[in-house]
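Structure in structure tokens, see below.
For reference, chains read A, B and C in written order, and residue numbers begin at 1 within each chain.
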Amino acid sequence: MFEATIRADRLADAVDATAALVDECRLRLDEEGVSIRAADPAVVAMVEVEVDADDFHSYAADGEVIGVDLTRLEDLVRVSDDDDLVRLRLDAERRVLAVEVETLSYSLGLIDPDTVREEPDLPELSPPAEATMSGAQLDRGIAAADMVADHLRLRVPESRRSLRIEAEGDTDDVTVELGPEDLIDFSPGEADSLYSLDYLKEMNHAIPSDASVTVEMGTEFLVRLAYEAAEAGPRVSYRLAPRISTA
Amino acid sequence: MFEATIRADRLADAVDATAALVDECRLRLDEEGVSIRAADPAVVAMVEVEVDADDFHSYAADGEVIGVDLTRLEDLVRVSDDDDLVRLRLDAERRVLAVEVETLSYSLGLIDPDTVREEPDLPELSPPAEATMSGAQLDRGIAAADMVADHLRLRVPESRRSLRIEAEGDTDDVTVELGPEDLIDFSPGEADSLYSLDYLKEMNHAIPSDASVTVEMGTEFLVRLAYEAAEAGPRVSYRLAPRISTA
Amino acid sequence: MFEATIRADRLADAVDATAALVDECRLRLDEEGVSIRAADPAVVAMVEVEVDADDFHSYAADGEVIGVDLTRLEDLVRVSDDDDLVRLRLDAERRVLAVEVETLSYSLGLIDPDTVREEPDLPELSPPAEATMSGAQLDRGIAAADMVADHLRLRVPESRRSLRIEAEGDTDDVTVELGPEDLIDFSPGEADSLYSLDYLKEMNHAIPSDASVTVEMGTEFLVRLAYEAAEAGPRVSYRLAPRISTA
């Protein structure tokens, strides 16, 4: 039995964060809340989304696992107002998720979870460096790199006094240097990796500009971007594998 | 002799409402006001627009009938401010409609009315059911149906306690159920018809979200959507033939 | 040695005004300020932009001439806030312009100025007529002409009481007549010339609607549009050759 009520904007945050990487996913409906884990087709990027039972207005679940088409959920959320309450109810027999918002009742046909790409394992890693910045600051760094190249380099220089977002183009280079005064928090350590901007732009697009984003990184290391979408909003984390440096 | 002055936004309401279905039309310039009646090429949808002589700042007409290209009028209205006064004068000899707005004088070449598709007959019908709702409510119903299908079903259930907008997709269904509390007015009756969303979306696009839209309907019946664009604005009504149910 | 600091919005005004006509240009970095002169590939239209040393927060230059790709500068300005200070420093040895805005450092590879299309000579002309109008008024005139034709005619009628912007289409004509009350300033004189709307639309796009634009014109004469982008902003002037009348 799964039956829950949630504000439309919180549901939107969770759906948009996941849809940045995949079109369909598994929802795990546990007592503690709803969780999603998915990897893009190339298994270069992963997303993990958690909505706590407490972030719902009402919540009851028994550990069900369902497969959903995120495009449909995105459409549904788009016709709702932010503070509309969305009622979700699993009809296991008919294999549909019944969604109700105000006068609207939507019957979302479920996907067999076994046909959804397998959830990736999320390795427990000890990232040597970590910085927390505003979504706006991250956005500026990604936009700057995007002017000259299709990948960016995240690097902590030897002085360990800043985090550098760097990109090299054919004729132009760009660096965004974030010192302690530009960061909410900073635990420097050895870090120097290249990442694809295509993925970072998709992730960045889903990150609210007023969110605090924690960036965990290392040398030729998976980067992790973690944030909470809003007060009492879903917890999201993206992971992105480094590109092999061709330098 | 036709010579009239009208606010740019009222002219825009009349032009946009008509242009939702056709590119050119006949204007009937009678003593009581200007009226338009037009059907789309497939004669599935019809529009009727009436601007009363009283809704003009000044008005004089002798029953002339002219043919106009609505695209040109749409462009003209777009470069005007809402409260600009638009002066219209028919120059029958040169076969042009002289349009003046502020510093701008536009000479609109007229189309031979005989070459414009004939005006449809508007059958007098007695629709079994009628509901009045806000443009915003109608918009939400159409957007919801559009998520899953290319047509929607307007239906009054047997209980006659609500109006239902329904759509069935391959995997998903959606229903918007409007009870008396969601409607401005409701005279229930037997009604169950399917309509093409392509047409409804065009009509809906022209309907202001704060207008009160009266929906007349029946079973396998022409639907009529009627509204007044604004206080002292044009009266518009759309008619749309039902699709033959394939169920 | 060139080293200067300027508000991002003033730099944007200069870059956008130039980029309306060309993708790359020469910057002359003199003691008095930065100046640009460029013609479009067909040498039908020319732009001249001057940013006085006083309009910079700090300024030092020795008469250097550099070639720049305007697309890159446009991107750079777009990621800056209006009141950000942009620091420019020429690194002649590495042939780059170092641009710094807040946390961002951009190294802009320069173009050999000899490979940039030659700067046009700007003939000293004595235009018979001159009118000053708001950018919004000019915009309306260009939008009106664009509804019916691909060129417009600037004309002072024999009465010399107004400036007329005229366009003739296949079926429709349009005239915007600007009298002394619509103009900020007017020195009438003989003027009657045709100009390509393609060029005028590009120029108009870069002109702020609240700018005062001085239009100098004559008969089959180069038109000159001159304005100051904002208080302490760059001075811009466009010149456009007349089309040979086919009438």
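Simple rule for what comes next: a contact is a pair of C-beta atoms (placed from the backbone, for glycine too) under 8 Å apart; a residue touches a chain by one contact, two chains touch by 3 or more.
Not measured: the values here are computed from a predicted model.
Contact topology of the protein chains: fully connected, every pair of chains touching. Chain A and chain B carry the same sequence, and matching their CA atoms takes a turn of 120 degrees, rounded to a multiple of 5.
Distance between chain B and chain C, defined via averaged C-alpha coordinates, is recorded as 44 Å. Residues of chain B in contact with at least two other chains: none. Those residues of chain A whose C-beta lies close enough to touch chain B in the complex are 69, 72, 75-76, 79, 103-109.
Listing the residues of chain B that touch chain A in their complex gives 137, 140, 143-144, 147, 170-179, 182.
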